[in-house]
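Okay, here's the structure, questions in a sec.
As written, the chain order gives the labels A, B, C and D, with residue 1 at the start of each chain.
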Amino acid sequence: MLDGAEAASELSVFGATVRESSAEGDCRRLTLAVQQEVAVVPGQFLGVRVSNAESSDPLLMRPLSVADWLGEDRLLQLIVKPVGRGTRYLCRLQPGATIDCLGPLGNGFPLHKLQKGKAAWIVGGGIGMAPLLYLARVLAEKDMPPVTFLGAAGERQFFALEEFSSYSTSLHLATDDGSAGFKGVVTQLVRQHLELAGRPGVMYCCGPDGMLLQLAEISQGQKWTAYGSLEEYMACGVGACLGCAVPAASGGGYLQVCSDGPVFNLREVLLHD
Amino acid sequence: MTDLDVSLGPLQLKNPLVAVSGTFGYGYDYGELLPPDTFGAIVLKGTAPEPWPGNPPPRVVETPSGMLNSIGLQNPGVDELCDEYLPRLAGEDVVVIVNVVGRTVKDYCHVARRVSECGGADAIELNISCPNVKAGGMSFGTDPQQAADLTASVREVSDLPLIVKLTPNVTDIAEIAAAVQSSGADIISLINTLLGMEIDVEQASPRLGAVFGGLSGPAIRPVALRCVWEVYRAVSVPLLGMGGASTARDVLAFMMAGASAVGMGTALFAQPDGVQETLQQLRKFRQSCGEFDWPVGRAHEKGD
Amino acid sequence: MTDLDVSLGPLQLKNPLVAVSGTFGYGYDYGELLPPDTFGAIVLKGTAPEPWPGNPPPRVVETPSGMLNSIGLQNPGVDELCDEYLPRLAGEDVVVIVNVVGRTVKDYCHVARRVSECGGADAIELNISCPNVKAGGMSFGTDPQQAADLTASVREVSDLPLIVKLTPNVTDIAEIAAAVQSSGADIISLINTLLGMEIDVEQASPRLGAVFGGLSGPAIRPVALRCVWEVYRAVSVPLLGMGGASTARDVLAFMMAGASAVGMGTALFAQPDGVQETLQQLRKFRQSCGEFDWPVGRAHEKGD
Amino acid sequence: MLDGAEAASELSVFGATVRESSAEGDCRRLTLAVQQEVAVVPGQFLGVRVSNAESSDPLLMRPLSVADWLGEDRLLQLIVKPVGRGTRYLCRLQPGATIDCLGPLGNGFPLHKLQKGKAAWIVGGGIGMAPLLYLARVLAEKDMPPVTFLGAAGERQFFALEEFSSYSTSLHLATDDGSAGFKGVVTQLVRQHLELAGRPGVMYCCGPDGMLLQLAEISQGQKWTAYGSLEEYMACGVGACLGCAVPAASGGGYLQVCSDGPVFNLREVLLHD
């Protein structure tokens, strides 16, 4: 669907060993050591098995974004928010534990439009900040450090702020309860800055559907291109089952989040609040 | 011929594992991890005369040891199948089966005829059992007479080996099996999913966009084995068993209940890397038996 | 009256949890861990006119997130029930329901009459759906006319509230539900177990002594919820929902699908200490809603 | 069914923490620390949960005999043979892990007949040795040390031999492959000794059905009383589900292994090979 994402490695199932598990606000950051090269680009995700091989419950792999990939050390990072039994299982894992991962999955954030020298903004809400962390680092390394906007319910829901800050030209925070940064939703903050911005740029977004919906509107008004990473329930993660459908903006059909996305130009999809 | 080959009626499979309809796309979604020729046969996604958009999301939800799906037979229609997907599979060392869906007898016949003409398919599987289509679809599979009539009609328009796929959501599956056999089915495949639903308690609403979905995965294996067992006793055509199989032990259990080949669907999602392991174990089993035949129906000898 | 009380038609339960037939003996097997008055109601083991020995072992086998049983309705007969078990429960603060089985209409009527006369039971549940009895039993539950006739016959010999328990092993459960309602059922309970089997691959034989058994536990919950949903739309009598419920969330899901009270069986085996926790959570739920009514049928508002 | 077993505590579900896990031949011995008093007598067993609370697969508790109960230290011992996924799960547990147990379950070995001064023999086969270890210790402490016969496939299948030896007046081993003790089945050994024994005594047995069947015959011939602990698939473990049936020797009905047993006078049940 989107071109411009860099080439990723062949799909495989690989074992990963928990090197470190540390608290990041309400979430946990898992640092996983893997044996082989996993050429994964920002915005791609993994299917992570959340039961041992002799149990069939929970049955399905959980989609989790790569929050960083340190290729030289073969270390993968995930940031996991414990919302259900699968994510709680992962948050309980101790160093030394092993998990199976399927990946890399999905398309990743397209970076080709940036070469034309456009501004790159990053907008993350809640756990949606996870894939953007890797993106921010890559942008910084490509000498295109982003302007970053992050929103959360409260201060405790942020993570990796120092890293985000070091990768970005500027970092803007919004919280619902005002415990950090602007009191209000992050989209309000983005809207304010957008009105002051000069020529159109590219926005990379990840967060709740409601946030993406608003960003789609805001960006369109200002002729920005907005890419958003979407979430949907998944079974296969590879495009085989057609389980993870999102309505296409035109044609009346559906696109698959796992294989056509998870990153879409927000004009291509129909979001709902 | 390999060390694992099986006969499924008129079809010769190089191993007894079949990737089942709707879980393996058109063969290439798993890339190098699971190329189509891993399997003895692959069944493509249910295909209708025209493109179908499918059901609104959410379409899948996990359940205890299983999952519900309400894909609603999203498919690009038979023309795209013939033009795009079947030709791509032409060189592969795998039996290719097209799963056919429709709302009317005419629909089924149209797809069957078109697939027979365009070439590239080794067999046709009639999905008379999908719980995700409101009009038609389901009732073909729950009424013996309608199932028989549909089978007979498709039989007339296609010379390809004809598989009829049964639903477990009936009072007497053996009766339907006998009916489709007598109308010319070469092979019977079973089971399709069990009709189910989940409720999101926080939202006080059904979890699936389409309310109902089909239950698959290990949870349904005991029901699937029972259906295979019952149908094995009622018909003489070979059976393609499926429903929750994931390990080599499961595959052998389906065979012992009466299946000549065994399908895997949901297991591919849960453990896509398990297929090679399963084949390996089956190889060991055959070596350890020192027998030439697969143990098809073997458990019936002790189960009387 | 407690903070959790529910009405189940003519029955008043102090909480919506019901220990279901065949999983809680005659009320006292779990000792202090689960005394009978833990529940809103308890349903005793299926009772026949005469003692039944039950099926040969093995009678239970675990399956993915579920279990199969082929107990075969081992029971000491209605006389011992009346002489021993019902009197023992007399002082307990719990609604006591007797589950009735038989091979003929006469059998059912005999037990129902005897139980009504001997006292101690608050309601009768007709098990027309047990897959473990070869003669009779099953067919009552799969044919609407037979189900209706049986219900009407028992209705005549007993004034106790009459519950009819349905099997999911049918093409159209709503049709059977409508039939038993029109013949006088006060309450419908559902679902009984799904018919299934397992195969022991090492032995090449069925795992259960009786070959087939009934599948219960979390694995079947999606099917159970769907059945409750369908029957809720087809009848006006209240429903006692069951099939795989184990947590408070499950209980609420059954209620939202249409059940007024919710049974737990297999969950008692897996987590006998979970019942108190479930009651605690239900209490929290009611407090958090600030509503007086249970959310019976609530999910139908959004599921159209 | 059997009287004479000492009073056990009320049924409860209790948490246990793995204190130690050590190899015992092919099996593992788990030493579990519990919070409360678990007044369990030899021959009783526990239902042990083999999945975490958020998984429903495996679903049912596994019946495991108490191999020892050190009341003062509140330590329970289990000896687990890894034959399937539940037992493998237990054998994998590391010190510090917690498991839930239901118990005490079942009746236990009846000791009342012994007070009359009869000889007490213990006959164990394979993993059936586990409950007999606790029994042997209790008999020794009651000053009625048993004569003990243990059978196994090979040397590696024995466990706790030193303990058995210290509790017993004599210890006799049999192995199928002759790698330790008598080469042959343990019942042959018992038969030989029985013919030399004086007046009848009581035999406490646990092992495969075939072994129990033979011991029933042998003991009856010599007018010994033989108690055997039986195995059957279980669901509830408390007598509620009627799942664990064993045919009664008379009357055409069934007894429940979990609540009428697991220990039966072998004359009361119909065993098959």
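The rule is short, and it goes like this: a residue touches a chain if its C-beta (ideal position, glycine included) is under 8 Å from a C-beta of that chain, and two chains touch if they have at least 3 such contacts.
Remember, it's a predicted structure, so these values are computed and weren't measured experimentally.
By count of C-beta pairs in contact, A-B exceeds the other of the chain pairs B-D and A-B. If each chain is reduced to the centroid of its CA atoms, chain A and chain C end up 47 Å from each other. For the pair chain A and chain B, the distance between mean C-alpha positions equals 35 Å. One simple way to say how far apart two chains are is to compare their mean CA positions; for chain B and chain C this gives 33 Å. Residue positions of chain A with contacts to 2 or more other chains are 56-58.
Within chain B, contacts with two or more other chains are made by residues 64-66, 217-219.
Chain contacts here are complete: no pair of chains fails to touch.
Interface residues of chain B, counted against chain A in their complex, comprise 22-25, 29-33, 45, 51, 53-62, 64-67, 69, 71, 74, 217-219, 246, 266, 268-273. Residues of chain B touching chain D in their complex: 64-65, 218. For chain D in complex with chain C, the residues that touch the partner chain are 10-13, 49, 53, 56-61, 100, 102, 232-247, 252-254, 259. By the touch criterion stated above, chain C contacts chain B in their complex at residues 63-66, 68, 142, 169-171, 194-199, 201, 203-206, 211-213, 215, 217-223, 225-226, 229, 244, 249, 252-253, 256-257, 295, 298-299, 301-303. Touching chain B in their complex are the following residues of chain D: 56-57.
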